[in-house]
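Please read the structure below before turning to the comments.
Chains here go by letter, A, B, C and D, matching the order in which they are written, and residues are numbered from 1 within each.
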Amino acid sequence: MVGADIFAPNSLTGSLTGFFAQTSWLIPCYPMLGAAFSIFWSPALIRRSGPRPVGYLNLLMTVVALTHSSLAFVAMWHQPPQFLQLSWLQVADLNLTLPLELSALTLGASVVVTVLNLLVQVYAIGYLEMDWGWGRLYSLLALFEAGLTALVLCDSLFFSYILLEILTLGTYLIVGFWFNQSLVVTGARDAFLTKRIGDLILLMGVLALYPLAGTWNFSELALWAETVPANDAIAPLTLSLIGVALVWGPVSKCAQFPLHLWLDEAMEGPLPTTILRNSVVVATGAWVLVKLAPVILLSPVATGMVVVIGSVSALGGSLIAAAQIDIKRVMSYLASAYMGLIFVAVGSAQPETALMLVLTHAIATALLLMAVGSLILNVVTQDLTQMGGLWSRRPITGLSFLVGIAGLVALPPFGGFWALLNLLNDLVDSGQWWLVAVVMVTNAVAGFALMRMFGLAFAGKVTPSTTRAAEPLWLMVLPMVAMAGFTLHLPLVMKQAELLPNNLSLVSPMAIGLLASSALGLGVAIAFYILERITRPEKLLPPLLNRLLAYDFYTPKVYQFTVIALVDKLSQLTDWLDIYVVDGLVNLVGSVSLFGGESLKYINTGRMQFYVFVMAAVSLALGLYMSLYFLPKLPV
Amino acid sequence: MLSPLIWFPIAGALLMACLPAKLNTAQVRGVALAISGAVVLWTIGLFTQFDLSLAGFQMREFMPWLPMLGLNYDVAVDGLSLMMIALNSLLTWIAIYSSAKTTARPRFFYSLILLVSGGVAGAFLAQNLLLFFLLFEIELVPFYLLISIWGGTKREYAATKFLLYTAIAGILIFAAFVGTVWLGGTLDFSYEQALSAQLPISAQVVLLSILLVGFGIKIPLIPFHTWLPDTYVSASPPIAILLGGVLAKLGTYGIFRFGLGLFPEAWSLISPFLAVWAAASVMYGAITAIAQKDIKRMVAYSSIGHMGYVMLGGAAFTELSIVGAISQMVSHGLILALLFHLVGVVETKVGTRQLDQLNGLMNPLRGLPMMSALLVLSGMASAGIPGLVGFITEFLVFQGSYSVFPIQTLLCVVGTGLTAVYFVILINRTCFGKLDNERAYYDKVTGNERAPALVLAALVVVLGLQPNWLVHWSETTSRSLVAAVPMAQDVRIALQADLGRLD
Amino acid sequence: MPSIVDIAVQTEGFSTLVAAVQAAGLVEVLATGGPFTVFAPTDDAFAKLPPGTVQTLVDNPPQLARILKFHVVAGCWKKDDLMTQHELNSLESSPIPIRVSPIFEVKNATVLAADIEADNGIIHVIDNVILMG
Amino acid sequence: MITTADKQATTSLPPSNHEFAEVVHRLEAGGSMLPDNPENLKQIIGIYKAYAVPMDFYWRDLLYIAEHVFLNPLPAFKYFISEKYLNRPNAYAGDNADLRIWRGEADAHPELREFMAQGERKRKLPRLFHHLWHDRVNMEFAEACMLAMFWHEDINPTFNAYLETDEYRANSDRAIRAYFKGNPVMLGLYKLFPDMFLEQVRRLSYYANLGLFWEVMAPVFFEMSDLYDEGKMTTVPEAMDFLVNGIFAVAGRPIYHHVYIDGECYEIIPKSQGFTWLYEAALPYVEAVFYRTAPFRGTKSYNAQAGQVPADQKDFHYGILYADVFPVGSAGIPPTLLMQDMLHFLPDYLIELYQQHGRGEDDMLVQLGITFQRSMYNVTSAVIQALRTALLYPLDDSNLDHLRANRAFFEQQMDRFKRPEARLRDIQSQNYR
C-alpha cells in the first residue's frame, strides 16, 4: 500500500504534525475569524471603496483551514482516533463538554469540506463579479465552512444538533442573499421552516435520549446501543419513538420526501452557494444519520422508515429531475434522490457505504453545478428548452459536465460506480431484492435526467440565447477544471484510502446489472436528446403524468392545503378567540369596545365596578377550580 | 450594599422632579441616564460582592418599620433576586437610553421611570411579604401614568385595563399573603417566618392557587393575558421594554419566591396543572402571534409564550429546570427589550408597524440595514437558535422538565417551532423584499438609537456563547429551592393524613 | 451621352457629392459600371447635415462609400417605373422606401429633379442626404 | 447646425392623446424627455462629468483587452492597463484630434490618473493593493455592458453577420496562431476546439466595438461639463442638442478590431469593412444597455417555471431606463458598480445637492443613480431626435404628412415606456430622488 508510506510515517506523529492534530479544534475557528472580520466591509461602514476584500480575506482563511486540516489528516493517517474534550457549560447535573473525534475519517472529511469551500469561493469571485453583496456572501460561506468542519469533527449528538440549527439559520440567510427578489424571500422562509421542523423533532429525540443513554457522545451512544437489547428495561415503543424522532432531522436536512421542497426553492440563492449546499450541506444530514445509525437500528420501525423514505425520495427525486426544464432544479431533485440512496444504505446497515456515497456524490455534484453555473451565467437563462448547440463553443464546460455525469452515475471506473456496487452487493447478501430494484431504477433514471440535461444544453440547434456563448471568466473555469480533475482521480484516492473493498470486481452479476442500468438511462437520453431520432418523451408521456413530474407531484399545493392551511386557520381562530371570546369573557366591557372599534374610558362610567366584579369572579373561579378538590375540607 | 439600588433611583426621581424647567429634553434625559448608569455600575459592584457558595439570602439589611403590622424594612439578595436586580438595572438604563430625545414633559417622564425602577428593585429584594406587596403596588400608578400620558393610540383604554388587572392581581396577592400569615398564626409578615409556618396542605393549596392567579395575571398567563397586547402596544417603546422586560418578571419572581418558596408541598401537588397551564400558554401565545399583522402586537404575544417556558421550568422544579427558568427570565428580558426597541425604531422611521406595509428594510442605503440585521438576530434568539442566549435557557428548561413532564415539554418544543414561524414572517415582511419607491425616503438611524440595541445584542450573543456567566449565579439558589420541595408522592401521603384528620 | 459622374461634375450644385464620390473611390464604378439609378443629394442637402458629419465621412472612405452606396440602386428606375415600387434595394443592401405620389419622395428626401438620363443610368436629384435605418 | 430647441411645435397637428402626450409634445417642440429646469440640467451635466472619467478608463481598457490581452487564458491583469493605453490620444480631444470635440487633452483624464495612483485612500500604494482593496474602477461594469451587446444577437445584424464570415474566421485564425506561437498546449486545444477560440475572439471584437464607442462619448461629456461651467450651456434641450450634433459628427467613425501581437497588427475587423460608429456601435449600445440588458439576479428569478424572465430577447426591458435604483448598494444589483465609479468623481455642486436631500452622504449612491437615470433619459432623447433628423423630417416641416410621420415616430418610441417599470413617469418630477 504505497499511500500508507507516503502518508504519515509513524515517526512523525506526536511531532509537528501531531501538534496539528492536537490543535484541530482550530480548524473551524479560521473561517469564523474571517466571517467576523467581514463585518468591517458591511455596506454601512464602507462607502468609498468596494466589498471585494472580504472575498480575498475569507479565501485566505479557507486556505489556512485547508492546510491545517490536511496536516492534521496526514498526522492521523493510520492512527487510532483520538478524542479532545472542550468544556462548554456545567450547570446543575448537566455537563456539556464538546467532544472532538480526531481520526483519518473526520479530518479527511474536513479536508474535503475545506477544499470544496476553497473552490467555491474562487468560483464565486468570478460568478458574482458584478455583485455588491460580497460581505454577506463570504461571511456566510465562511459560516458554513466553520459549521461543516465543526460538525464532522464533533462527536456529540447535542452539539451536532446545535450546529445543524446554526446551519439552518445560515441557510435562511444565504438563500435570502438576494432578498429584494420575491421568490428568494419565500424560498428562504420555506427552507428555514422546513429544516427547523426537522431540527425540532430531532431536538425532541435529543431530549428523550439523554435520560435513557446518559450521554450524547456518538461513540458512547454506539456502545450503549449494544447493551440495550440485553436489558429489556426500555420499552420498544420508546426506542421506536426516539429513533423516529432522530431520523427526522436528517430527513429535512437531506431534503427527503416529504420535506424535500425547500431544496428546490433554495435554488433561488446564488449558484456558488448552491454548489456548496447540494454537495456537502445536504450531506450533513446523512453524516448525522450515519453517526446515529446504531441508535436508529435499534428500532425496526425507525429503520424501516429510513429505508422507505430513502427509496421514495430516490425514485421520486430522480423521476422529477428527469422532467424539470429548469437546469438548477434538475440538480436539486437529483440531490434528493442520491440522499435517498444514502438513506437506503444507512437503513440497510451500511454506514461505510453511505459515507462513500456521500463522498462520490459531493464531488460529482459540485462539478456538475459548477458546469451548470458556467452555462447559465452567459446564456442568461436556466430554461433548458431555451438552450442548445453549445458543444462546439463551450467544450470545457461540456467536458466537465460529462465527467460529472460519469462520476455520479454508476460508470466504472469512476467513484459513483463503486459506491453503488458496494450498496448493491450488501443488499443482495441480505436478500433485499426490492431495494436492489430501487437502486437500479434510480441509477438509470438519474443517468437519463443528467444526459437529458446535457443533450438539451449542448446538442441540438442553436437558440437566440445560445447564439453568443463564450467560455466565462477563468476564475470560474479554473475551479471547474480542478473539480473535474478530482472527480477523475477519486477512484484512485478511494483505493488509497482503502475505501474500496477488495472483493469488488467488474464481472460480478451485480456490477454488470448496474452498468446495464446506467447504460440504459444514458442511452435512452442520448437517443432522445442528442441523436434526436425519436420524438421527445414529453410528447410520448401522458400530459397528466408529465405535469405531475414537472410540478413535483404538486407538493407545494399539498403543503398549502395541509400544514400551512392548518397553522394559518388555527392562528386565525385563536386570534379571533383572543379578541372576542377570551378578552370578552375576562372583560365584557373590553369586548364591547373592541366590537365597537373605538376606545372607551372606564373611569367615570358605572361600568367600572361591574368590570372589577367580572375580573374578580373569573379569578375566583379559576382559584376554585384549582383547589376544587380540597375546598370542602378546608379547616376553617 | 442593597439599599442604594432602591433609594438611589427614587432619590434620583425626586431630583428629576425638581430639575430647573429650562433644561431641554436631551439634558434631562442625560441626567436620568447618568443616574440609572450609576445604578448599573452599583449592580456590577453587587455582583463582585455576591458569594456564590451561599445557598440562602445574603447582604441582609433590616430596619424595624411598623412592627405591630409585622411590616419591616427587610431586604436581602439571593441568586434569584440577583438576576432580577441585574435585569431591572440594565433595562431601566436601556429604556431611558432608547427613549426619544423629544419626549414631552421629560422631567415627569424620567422621574416616573426611575421611581418605578427603584420600586421594582425593592420588590425583588424584599424579605417581608407586606413590604413586597407595597413596593409591588407602588409601580402600579407610575405605569398607569406612563402609559396614559406618553402612550400611543387607545392609551387611556390600555392604561386603565392595565391598572385594573394589576389591581386585581394585587388584591389576590394581598389576600394570599394575609391568609398565609393569619393561618400561620402570627402577625409577622417576614419571609422566613412565613417559611417556617406549618400550614395544612389543603390550606397551602388554596393560598397557592390564589397566589398563582394573582401573579398569573401579572406574568401574564392565559386567560389573564388580554391586558398585555393592548398595554404593550399602546405603551411607548421604553415603557414597553420595562413592562415586558422587568414588570412581567415580578410575576414569575413572585411565583418562584412565594409560591414555590412558601408552599413547596402544595406546589409539588399541583405542578401538573401548572405544567399544562404553561404549555397551554406557550402554544396559545405562539399560535396567536402568527395571526398578528402589527409587529409590536406580534412581539407582545411572543412574550406570553416565552413566559410559559419559565412556568414550565418552575412546574418541573428540578434543579436544572429552575436554573433554566431563572435564566430564561433574564434572556427573555434582554431579547424582548431588544425587540421592542427595534420595533420602536422601525416605527419612528417608517411610520408604520403593519406587516403589509413594511418591506425591504435590509437594503443598505435606503433601508435600515443595521436595525434589520439586529431584528433578524433578536428574532432568531427568541426562536431559540443556538449560539444566542434564548436557546440555552430554553434548552435547560426543556432538559430539566422532560424527565418530569415529557408531553408538556415536547409541546413547548413545538411552541419554539411556531415561534420560528412568526418571527420568519416578521423578518421576511419587514427586512426582506424590495423597497417601496413611493415611501422609501426614511431618515437615517442615529447613534442614540443604535447604542442600546448594540448593547443588548452583544449580551444576547455573548451570553449565548458563554452561558456559564448567566446560569451560575442562580445555581445554588435553585438547588436550595428544589431541596425544599418534597416528592409528590410523599406529599400525597401527608395529604391523606391531613385530610383524614379532618374527617 | 455623358456618364453619371460626368453629369454630376458638369452640373451646378453637386460639388460636395462629387468630392465625396472621389474620396470614396467610387468614380470608376459610377463612370463605367452600371446601369445605376442614383439619388443625388445637392450641396444644400449635404449642408443640412450637422457640422463635422461630412468631414468624418470624408476622412473614412469605406464608411463614406457605404453611405453613398445607399444612394445608388442597380438598374434604371425612372419615376414611372417606380409607380408600383414601394422600396428599392440599395447597393449598401438596406432598402430605400420610395413614394411617387402625391410628391416624388425617396425616404425622407424629396426629389427636386427626376429622370435625368445618363448613359449608364438615371439620376434623381434629392434635397436630403438619406441614411440607412 | 441643428438647434431644435428654439423651434415651436407647429400647432396645425391636433394634440396627441398618447399616455405620454406631454412628453411627445415636448419632443415635437425640440425638447427632451427630461423636463427642462435648472436642477435637472445641473444634475445631468454633473453626472455626465462623473461618468466620463471612469468611461475614460473603460474605453482605454476595453481596447487594451481587445488589442493586447487578447486570448490570454489567465487574464488576471487585464485591468492593469498599460501606460501606452493611458497615453493613447483620444481621437476626439487634444490638439491633433481627427475632430476636436473636447478642448481638453487627449490622454487619460488627470482625475482618473490621480484616482488610479492614490485611490480613495489618498495614499500612493502599489496598484495591486488598490486593486485588491477594491479601491479602483469597476471595469466589470464595462464588460457587463459589452456582454449585453454581445448576447442580444438580433440588434447588430450587419456586424454579427460579418462575425460569421469565412473572412473573419481567417483573420482571427491568423491572429490566434500568431498569439499562441510556440505554445503547443493552446495550439493543440485550438486544433481540438477551434470554435471555442473563435467565439472568444468574437467577444473581443465586441470589446473593441464598445471601446471605440465610448472613446467618443467621454470627450463629448467632458466638453458639455466645461461648457456648463463656462455658463455656455443653460438648458436641458441645449444639452440634448449638443449630443445630437455629437452623434452626427462622429456617425461615420469606423468600428474595427485590430490586435497587436509582438508589434505586428492583425486586422480582425478591418476599417475597410465600413462599419460605422452610429450603426454598428451607438444604436446597438443604446438598445442593449439602455433598454434591454438582462434582469439583475437580485430582482428577478431565473427559475424557468416561474417565468419571470421573458423567453424572447426583444421583451427584455431591464436597462437603466427601467431599472429600480433604490436597492442600489445591496446584493445582486450590478449598477452599483457604476454608481460607485461615478461617486469618486462627482463635481462639488452635485455633492452639495445630494447633501441637501435624503440621507446625504449615506444614500448618495442611490441619489446619483437616479440622477444618472435622468441623464440617460436625456441621452436617449438625443438619440431619438437624431434618428428623427436622420430618417424623418424637420420639426418645423410645413408638410402635415411629415409632421404626422414625426408624431407617429415619437409616439412609437414612447410606447416602450408604457411598461409599468419604466421610469419616464418618475423623472417628470423632482421628488424622485
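Side notes on the structure shown:
Please note the rule applied: contacts are C-beta pairs under 8 Å (C-beta built on N, C-alpha and C of every residue); 3 or more make two chains touch, one makes a residue touch a chain.
Predicted model, so just to flag it, every value in this text is computed and none were measured.
Central chain (C-alpha centroid nearest the global protein C-alpha centroid): A. The largest tally of C-beta contacts between two chains is found for A-B. If you average the Cα atoms of chain A and of chain B, the two centres end up 38 Å apart.
If you average the Cα atoms of chain A and of chain C, the two centres end up 71 Å apart. Note on chain placement: the centre of chain B and the centre of chain C lie 91 Å apart, centres being C-alpha means.
Between the Cα centres of chain C and chain D there is a gap of 33 Å.
Listed for chain A are residues 43, 179-182, 184, each touching two or more other chains.
Among the residues of chain C, none is in touch with two or more other chains.
Residue positions of chain B touching 2 or more other chains: 360, 362-365, 434-435. Under the touch rule stated earlier, the contacting chain pairs are A-B, A-D, B-D, C-D. Listed in rising order, the residues of chain A touching chain B in the complex are 42-44, 89-94, 161-163, 165-166, 168-169, 172-173, 176, 179-182, 184-186, 188-189, 192-193, 196-197, 200, 203-204, 207-208, 210-211, 567-568, 570-572, 574-575, 578, 582-583, 585-587, 590, 593, 599-603, 611-612, 615-616, 618-619, 622-623, 626-627, 630-631, 633-636. Listed in rising order, the residues of chain C touching chain D in the complex are 49-53, 55-57, 59-60, 62-67, 107-108, 131-133. Chain D contributes residues 73-76, 119-121, 132-136, 138, 140-141, 144, 147, 150-151, 153-154, 192-193, 195-196, 198-200, 202-203, 294, 297-306, 308-309, 311-313, 327, 329-334, 336-337, 340, 343-344, 361, 364 to its touches with chain A in the complex. Here chain D touches chain C in the complex through residues 1-2, 98-99, 244-245, 248-254, 271-276, 279, 283, 387, 390-393, 402, going by the rule given at the top. Contact residues of chain A toward chain D in the complex are 43, 47-53, 56, 129-133, 136-137, 177-184, 267-268, 270, 325-329, 376, 378, 380-386, 392-396, 464-465, 467-471, 474, 478, 550-551.
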